[in-house]
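Chain IDs A, B, C and D follow the sequence of writing; residue 1 opens each chain.
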Amino acid sequence: MTDADPARLYRTVRLIRRFEERAIALVRSGHIVGGIHPYLGQEGIAAGVCAALDAGDLVTGTHRGHGHVLAKGADPARMMAELCGRETGLNRGRGGSMHAADLSIGVLGANAIVGASPAILTGAVWAHRQRGNPVVGASFFGDGAVNEGMLLEAFNLAALWRVPVLLVCENNGYATTMPVAGAVAGTITGRAEAFGIPAVVVDGQDPEAVRQVTAAAVARMRDGGGPELVEARTYRFDAHHTFEHAVRLAYRTPQEVADGRSRDPVDIQGARLSPADREAVDAEVETTLDAAVAFALAGPEPDPAGALDHLYASGLTARGGS
Amino acid sequence: MPRLSYRKALTRALTDEMTRDESVFLLGEDIRVGASNVTPGLLKRFGPDRVLDTPLSEQAFTSFATGAALAGLRPVVEFQIPSLLFLVFEQIVNHAHKFPMMTGGQCSVPVTYLVPGSGSRTGWAGQHSDHPYSLFAHVGIVTVVPATPADAYGLLASAIRHDDPVVVFAPAAALEVRDDVDFATLAPVPLGRGVVRRAGDDVTVVAVGHLVHDALAVAEELADQVSVEVFDPRTIYPFDLDGLLDSVSRTGRLVVVDDSNRSCGIAAEIITSVLERVPLVAPPRRVTRPDGAVLPFAPVLDRAVQPGREQLTAAIQLTMKDRS
Amino acid sequence: MPRLSYRKALTRALTDEMTRDESVFLLGEDIRVGASNVTPGLLKRFGPDRVLDTPLSEQAFTSFATGAALAGLRPVVEFQIPSLLFLVFEQIVNHAHKFPMMTGGQCSVPVTYLVPGSGSRTGWAGQHSDHPYSLFAHVGIVTVVPATPADAYGLLASAIRHDDPVVVFAPAAALEVRDDVDFATLAPVPLGRGVVRRAGDDVTVVAVGHLVHDALAVAEELADQVSVEVFDPRTIYPFDLDGLLDSVSRTGRLVVVDDSNRSCGIAAEIITSVLERVPLVAPPRRVTRPDGAVLPFAPVLDRAVQPGREQLTAAIQLTMKDRS
Amino acid sequence: MTDADPARLYRTVRLIRRFEERAIALVRSGHIVGGIHPYLGQEGIAAGVCAALDAGDLVTGTHRGHGHVLAKGADPARMMAELCGRETGLNRGRGGSMHAADLSIGVLGANAIVGASPAILTGAVWAHRQRGNPVVGASFFGDGAVNEGMLLEAFNLAALWRVPVLLVCENNGYATTMPVAGAVAGTITGRAEAFGIPAVVVDGQDPEAVRQVTAAAVARMRDGGGPELVEARTYRFDAHHTFEHAVRLAYRTPQEVADGRSRDPVDIQGARLSPADREAVDAEVETTLDAAVAFALAGPEPDPAGALDHLYASGLTARGGS
């Protein structure tokens, strides 16, 4: 079931990379309001994990979530429209960067609260299986999240009830400006092992390595295994958030950043294609993204009269504020 | 007619809804044994996949319920003590409540949060005696506080069928209420609809939850001096303003008695909503917990902090003397 | 006179209080680097023992602050986003707030919770745009929402010196406000004391936080039609009712504009508190967020959900037409 | 500094045992309202731990907290008055069983919220040390608490900042009716080790064993060591809460309970005294508790006019409710 085609994997990595670069440009041009948390440098993780999932499987993402949503198969055009706050966006412009979701393809959403989504995913996977739909799930979170109690509670629940969720820790070395060593007593894998959850470290810069580790875990989970954790070591190439482009925060040396950027998942996976194949993918990705940006910018802004639409799924109408 | 206790009514609603709809399931602490005496027997009847005992991981199991709801089930989460809602405030308010809007209408989160034993249980003191329903009215989560066994049944059933999160507060002081009930008439009670429990002409008393019974008692006691109408909102968010306006526009006087803290409580909301719409012939009054209340342990102090019949009697009498 | 920005005023208050009192220390996420731009420079000045960067463990570090306060220190806890208060609601409400009462007066818990950037920061969407100050007014925790740089300084300083927990909301929409300030006059502003920002005769507008500036602008715009008095409560719990009654008993009309949700919000509390005491010549009005508001991402929707000048203008004009 | 006198240790164990038995009688007679969570069977833990602490050290307890408060040295008379809700109680009758506190002897309080107090204790110990007062702390919690995220966050903070707190897990096999195996994925000690916190299992029925393990940990902590965890294996002899005396909850077999009760810390420590010494201690404890009960019952009930006293330490006066 899992997709080992290097070109497809490369395409995903490249798509995310170029999507993010275009999104940053749209932040600069004022088309995306509020900024984004760029996923640059970490693309191999979302791409590798999702390549090992089935269409029906579920994922949850983070504040740095564009890669997760795209890798699971969301339409880049509707995703970009969402970032631009358009009615044509995945969430009708209601969610934006930190809440982009596409439940139709199993993306239960990016999530702006660090550590919050693994418990949600665990419940969703469990419920699908109760209903006879034997999906598995993958939940992405950062190295900062492993210090959130609610995340560790979710580890316990998933392990106790043997819910097949892959806990994917994207260890990019920092939670905003806080280095891992300053925040994580013990180790990340040790936190999983404490709950009897098998844990493994993988090179997050190598998309294929991530895919393989995930595929093996997913196979065990489909066979009746419980949760597993993958710690993907990676590096955030850009700012924590685009606001950092304006306000310099001194927490990484230029040398460290240069070193980190030297292992680029786009190049690592790209090297597995012939130059011609790589160029072809790159060109197709540009075409796709040209169209995505055009679609996004052409989309209508939501009508303010609908500002309270969807506040209640039950159809309850909220009283207005004046 | 058979007698039905409030507590048994909750059990019956759970049983009926679980029977009716396979997607309903329960989770919480010690619910298999039924420590809070609302869920006994359900494990045997519905099996361990639908009656889940959880570890003491309130945040995770609350969000687990959110996820299960996103996947099409209808979880009912029992919380042993009301302040556990503080612990999961983030999971309810920032996630379960916000998903439909944030996803642009892609999903619903039909979870019921059941607190059997809210408010003071004499002797349980500071951290176990909260009545935080007004907090949920503020954040905009459907919130019900049934007063009678029939309503406990009907509002819990409606909560479970509702497509958004609903918090059900079952006040400890109401759990032992018993009524004569024709079981055949037990039915879902519509959310957001109040009811006049006692008709009257001079003053409308809005009473929440267990205080409905106190209000009725006070109304009887005062019957030869003043004709008191008692309005039970049943749902405090969304509030049945139309129902209440019917009453208040007849009586012209309004007293609210409510067991939550005074500042920014539901009593303030009710009074403001009424006064935005209709004038009163006397200033409104409210009988509540004090501002920032923490219930002290000693029973005499605990009682002093809760709204009671004496204060309500005084408020009604003062209102009858007042003229705007 | 030098210009002082609201944000710098917060930094200055922290600096002055840390200098004045060794027992004051800061903790929070990314405060050493000063990611939210309120704490830059403080690490260098006061050292790592008084400026603690925490892991993402909000519940633990909030209770860590409670413990440190019990042991005689005065922690200031910075929260990067307002909804983190949901996550630590239990730790603040059920512990920090309750310790003095539950111990029978054995201790105090002087902690300041600082949220620099509450309410909407356009584009931050559903989970980052809350303005939950009314929740704290309900539970009875001292809550301030400064509107101006001088008040940001003075209220934060008072919060730090106060012997009970205080939540300081610094609205995102006020952070860039700059005023001419004589630095020598910067001083603690008493908690629980409001101020008339603009005198007027016809209607009292109570405005909270950044909305004070909107209210002043609207008052100017309407100056030739109606004389608007603008009252800034500054502290929303405990509320300066006496101060407001002074104003309302002169004007006889009341409009409240407040950026929290409507139901059980501070606007309802203010209106009810006034009407319990003095009659108005026209029904009260409030301009708030809608019930249960979740701020949608798209800027046009985000704005539509927040109370603004247009709605306030309309409310004032309608009030002037009304007669009770 | 630590007290290895077997008679003293026995006295503490015996005092707690008989205090609880008398408290249960006062629950039955209606003098203690709301019931209690009896500490019967677990006395050796509080006694052993506190025997290894100094007077200035700090502790926090649980809902099952009488033993912790007494072992740290609280006056049994004022403690009993507190349970009876009297003005003469430790907390002036405002706290009751689940909130009994005596800050003057370092008892920051029993705490009714499972898992909540270790973070508080960590902050308090840290703050004392900042102020030049090199105390250590011990925080008691149950096996149920190790599934609370806030507790695990506290483990991380204490470990990161090397705050000398002893994390004492009283593993009595159940959280109310939930057996450990149904709630704890992995192990209890593994949860500490995940944060780099040394952890050890001790026989909680042997007060002296607990004291020794604690003394060794405290010595390391006073020498600059960070937090440690002790998992004390024990058994709750009586109900989860006295309400269970009225409502039978079926979760333990009579055989299991009999087995559990067969290893009694009172007898285990008592056997270390001569029969005469033991009798002398027992007699003294009865005299003390006779006086405690008499003191408690003679104390005045609080004046309802003071119901809002101490709500605010700052002197702020709360608005009443009517």
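Methods note: a residue touches a chain if its C-beta (ideal position, glycine included) is under 8 Å from a C-beta of that chain, and two chains touch if they have at least 3 such contacts.
Given the structure is predicted, the values throughout are model-derived calculations rather than measurements.
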Identify the chains in contact with chain B as well as chain C, in label order. A, D
Specify the chain most distant from chain C by Cα centroid. D
For chain A paired with chain D, centre-to-centre distance based on mean C-alpha positions, whole Å: 45
Cα centroid separation between chain C and chain D, in whole Å? 39
Chain-centre distance (mean CA atoms) for chain B and chain D, in whole Å, is 35
Among the residues of chain D, pick out those that touch two or more other chains and give their numbers. 91, 93-95, 99, 111, 113, 147-150, 153, 156, 160, 182-184, 311-312, 318-319
Going by residue number, chain B touches two or more other chains at 54-55, 57, 59-60, 83, 87, 90, 94, 101-102, 125-127, 140, 238, 263, 286, 291-294, 296
Which word fits the touch map of the chains here: line, ring, star, complete or other? complete
In the complex, the residues of chain B that touch chain A are 23, 25, 49, 54-55, 57, 59-73, 75, 90-91, 94-95, 99-110, 140, 142, 162-164, 192, 238
Complex contacts: residues of chain A adjacent to chain D: 147-153, 155-156, 159-160, 182-187, 190-191, 193-197
Could you list, by residue number, the parts of chain C that touch chain B in their complex? 83, 86-87, 89-90, 93-94, 97-98, 101-102, 125-127, 130, 134-135, 137-141, 237-239, 260-261, 263-269, 271-273, 275-277, 279, 283-286, 291-294, 296, 324
What part of chain D is in contact with chain B in the complex they form? 32-35, 82, 85-86, 91, 93-99, 111-115, 144-145, 147-149, 175-178, 182-184, 240, 247, 249-251, 301-302, 304, 306-308, 311-312, 318-322
Over in the complex, which chain D residues touch chain C? Could you list them? 89-95, 99, 101-104, 108-109, 111, 113, 116, 119-128, 130-131, 149-150, 153-154, 156-157, 160, 309-316, 318-319
